[in-house]
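Labels run A, B, C and D following the written order; every chain starts at residue 1.
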């Protein structure tokens, strides 16, 4: 079989698939924590893409890695706050099913 | 004969682990299982970072994601979810449209990424990226760095305040 | 002396004011004041008479009462022989009546008020005869009307009395409308209302022709109302609801004579305008004949006298219309005395038996000798029997018709009827047997306060006419005359016929009501339709009620309805239309204009209410759609 | 005393404001204050009569101050032979009405405050010599009147008050248009009565006709001339006694006053053009009012409709513009009607206060039990039906004298009104005062008390005095009326 060297496109493909999976999770999971996990997947998909670009397009500048690092940090912060909110929701709604939290309409 | 590079194989294995972990994460009925699969996925991503010569980032990924975020998730799951609930539906009623749309999305993505001619630089990655990253963070990106530290502080305080019982 | 003649009316006025505001609680003082005032007036009037006998005048005194622009109205005194005579007549009759009233009204709860009214009347009547111009005479004319109203309705608890007062006031006022118009025409034509000045204008021909005739007829309307001439005579019989002394004073002797006085006063007009004069004469004789014929069949003693009064007033009016100034005024004077006497005597009877109906009397002569005697004297006088007052004055009136055969015939017929009904009255009342024993038993002669005035008036009824006896140097006609003194020669033929007519009337009454030779009932049955017609007074009241009063009420009700529903309806309708318009506009505003605005909102809301189902409130839903949109954009790119 | 008119106008206003500071409970204090406040203008008006020089038609007691210079508006007041009697009448009737209002127990403070405001308006209308000022006062009157009827009135007070208000306002609009037409047709633009009168004959003829009609509508509603009269019975019947007195005694006079003061001298051509319709309306009013009176069962309504009839004489008299007698008769009628009808309304109020009904048929034989009341009532009824010796006769007679040469036939018809007036009043007298005493009132109807007698005595004295010696009234008017006739004849 024709050995194609693992290139940027492969990484991007991976990132895309992971991202899609993450999106699917975000769109379908009822549990808020599960949704949060799905977003983590999407973050990771993005990070993969960033690091891949950094590796292949601007290897000297390391900009992608820097951004990815910041993303991880922000994601961590996001996760803490989101989980705090989830806890709050849980206390208020006696549950964390996202489709019950539909008071955003009207 | 084309050299089957270990890199390629590692890539595919890791890719598989990532995607499979991801799929299980989003599809697992049991939330705790989801969290475990997530940790798995995150580890896999960290491995992928290594493949991309981003060692420091890989370390951070493991430390933060696996060590912190995943643990948070697990704590969250354990705090909020009665495990007896597993028999309840875990996905909402729009899973099929979402699946279709995601399929479309993936198709477009694949189609778009497959033959997009990215200008790939031939310059190899520096071996010691950690040093360079450290230098960059303290020089060129010092301001975002400080902002992020502030963000973390704010998130810390905010999380405490939000989650605090009155 | 003469310029202070205003004192004569002023005294009763003062009496009125004193009684109303001061002494009305004390009956004796009130009546005393009133009588003192009128008696003083009488004395003053006598003094004036002697003054005027000395100098006929006319004497005139006035002040400007009201002025507008170049015109002015006066209040003034005009004293000439006519005035002097009238002053005397009014004061004498008024004095007698007031003294008589002391007895007649004794015990009435409104005794003081009665005297206040009587004094007010005396004031007005005296003012009337002293007036020197149309405006002033009209003022007092109305005032006597007011007092007449008050006195007719004196016993106002009785509906008939208050009705009669109202009727009297309104009927005479109907005549006064003409009077006002006449005054206006006169003022318009002459620029003055002073009698003397107006007469001057007439004599110089400034005031002449149709305008003069119109003025004469309109002015006569006033007299028609006040003197109860046809067709406004209907009030006078009803006016008998008042106390009898009032009837004597106001509705026999003085006030009703005011019309005659007016015609006499302005006789110049009727002499200058023959047609106006003829209208006056015709009205006079018509009234006279009609009233006398009604008087034939009435049973109410006062109503007989009332119709007699109307009839006699018609006599005077006719005479004046024919230009016989002296005759008219002379009869006015004598009539005042004997008619007042008749009324007072009748009042005495009524006082005794407490009924007005002659059918319930009879035989009273035995119990009331003075009353009966005076009544007979007065009846002879009015019947024109020699040598009583009535003979002389009636003779002059008959003589005045000498140029007009129809008038003369009618006059003599009236004389016959007058004699008949007067003696019918006398015989029914005083002779024969009592028809109501109970009333007869309670009858008694009246007290001195009533009989003395009767005697005084009886004296005058006999002798007052003697001033007109031609052989006594034409006493009256050389004193009261119009233009040049006109000394009618005594016509033995006319006097003889007149006397014969009177005597035959008496004789017929004697046969029917004293001897009973001719049964009145049979006569009545024989002429049943005529009798019914006369008994019902030619149905004047009914006719007037049907053609004036009821239609007037109907018209008033109609116009009120018109006012409420048409005019006010228009106003309210306009308001309602505006309201409807507003409502329509409001509807338009709310549903169209605002509707458009709201409609936009509704549309959006409606759409939104459909679209809002997209807003599930579910984050993931949104996210899915966003995601789908992203893909779509990408796809469409 | 300088500023006499201003003091007369504004003292009631000041008094009204002062009364507002009283407590609602201090009823007697409020009444006393109101009485004093109205007595002062009365005294001032007597001083005005004293100082007034009746030998000249010129305006006297003139006050002239700039108010709105941009519009040529002045505070300009003055009095002449037309307004002096009216000012006196206003002051007198206001005082009497205040005394007659002592029986008011509801919202005493506001009542008297409104009443005093009303007096300011009335005085102002009669004194104003500037259109702007006139109009302001004219409208100022409306508001208190509206509230006085609408708050203190009878059962249908809202209807009556609104009807009165809207009707008058409707007329005011016409007046405003007329004022503006005159204002913009003078050069320089002016609102001064005197200047406009001076300018009078120079107005375009068609303009005169138009403006005359406008003014006439405004004033005819106020008079009220037939057929604009229907607000009057409603307003009268519903208004409290004292308000009726003012309404009949003063407000109605503003219509005729307006015609005499404004329309006639300013629009001589229009006036002469419209004398026939005016006379006809007057005569219709006389006869019509009298006929309608005859159908009345409510005493107050009867008096109200009699006002329509009596004001018809005013119109007829003033329509005879060439004669002093006619206009003078009109002025007399205005004054006499104010006295007589004012008193009649007080008397209606007296019986209403006792019996709480005004149904004529409900009474009977009152003369037996209420001799004073009945006597006074009959005196004023006689005055109203034109009995000689009382003021009503003089005015009617003068009106007839004045109008007869010009409107011979119309006057002839109008004379009928005298008879009809006698008819309906005597019917009323018979039903109420004569006959048997209606026993249902036994002991319930005390005779007039001192205060009530006090309110009518001045009116009775004036009525008799004018009736007996009219010169006491005509002396004030003579030169002014002659001058007015001259102005109209221009």
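Here is the rule we go by: a contact is a pair of C-beta atoms (placed from the backbone, for glycine too) under 8 Å apart; a residue touches a chain by one contact, two chains touch by 3 or more.
Just so it is clear, the model here is predicted, and its values are computed rather than measured.
Counting steps between touching chains, the shortest path from subunit C to subunit D takes 1. Of the two chain pairs considered here, A-B and B-C, the higher C-beta contact count falls to A-B. Note: centroid distance subunit A to subunit B, computed from Cα atoms, is 6 Å. Subunit A and subunit D have Cα centroids lying 94 Å from one another. Centre-to-centre separation of subunit B and subunit D, using mean CA positions: 100 Å.
Put simply, the C-alpha centre of subunit B and that of subunit C have 128 angstrom between them.
Multi-chain contact residues, meaning those touching two or more other chains, occur in subunit A at positions 23, 27-29, 98-99.
Annotation for subunit D: no residues touch 2 or more other chains. Residue positions of subunit B touching 2 or more other chains: 92, 94, 98, 101-102, 105. Remark: subunit A residues 1-3, 5-14, 16-25, 27-34, 36-38, 40-41, 44, 47-48, 51-52, 54-60, 62, 65-66, 68-70, 72-81, 83-88, 90-91, 96, 98-99 touch subunit B in the complex. By the touch criterion stated above, subunit A contacts subunit C in their complex at residues 23, 26-29, 35, 98-99, 101-106.
Per the touch definition, subunit C reaches subunit A in the complex via residues 612, 615-620, 623-624, 627. Subunit B contributes residues 2-5, 7-8, 11, 15, 18-19, 22-23, 25-27, 31, 34-35, 38, 41-42, 45, 48-49, 52-54, 56-57, 60-61, 64-65, 68-69, 72-73, 75-77, 79-81, 88-92, 94-95, 98-99, 101-102, 105-106, 109-110, 113-114, 116, 118-121, 123-126, 129, 132-133, 136-137, 141, 144, 148, 151-152, 154-156, 158-163, 165 to its touches with subunit A in the complex. The touching residues of subunit B, when paired with subunit C in their complex, are 92, 94, 97-98, 101-102, 104-105, 108.
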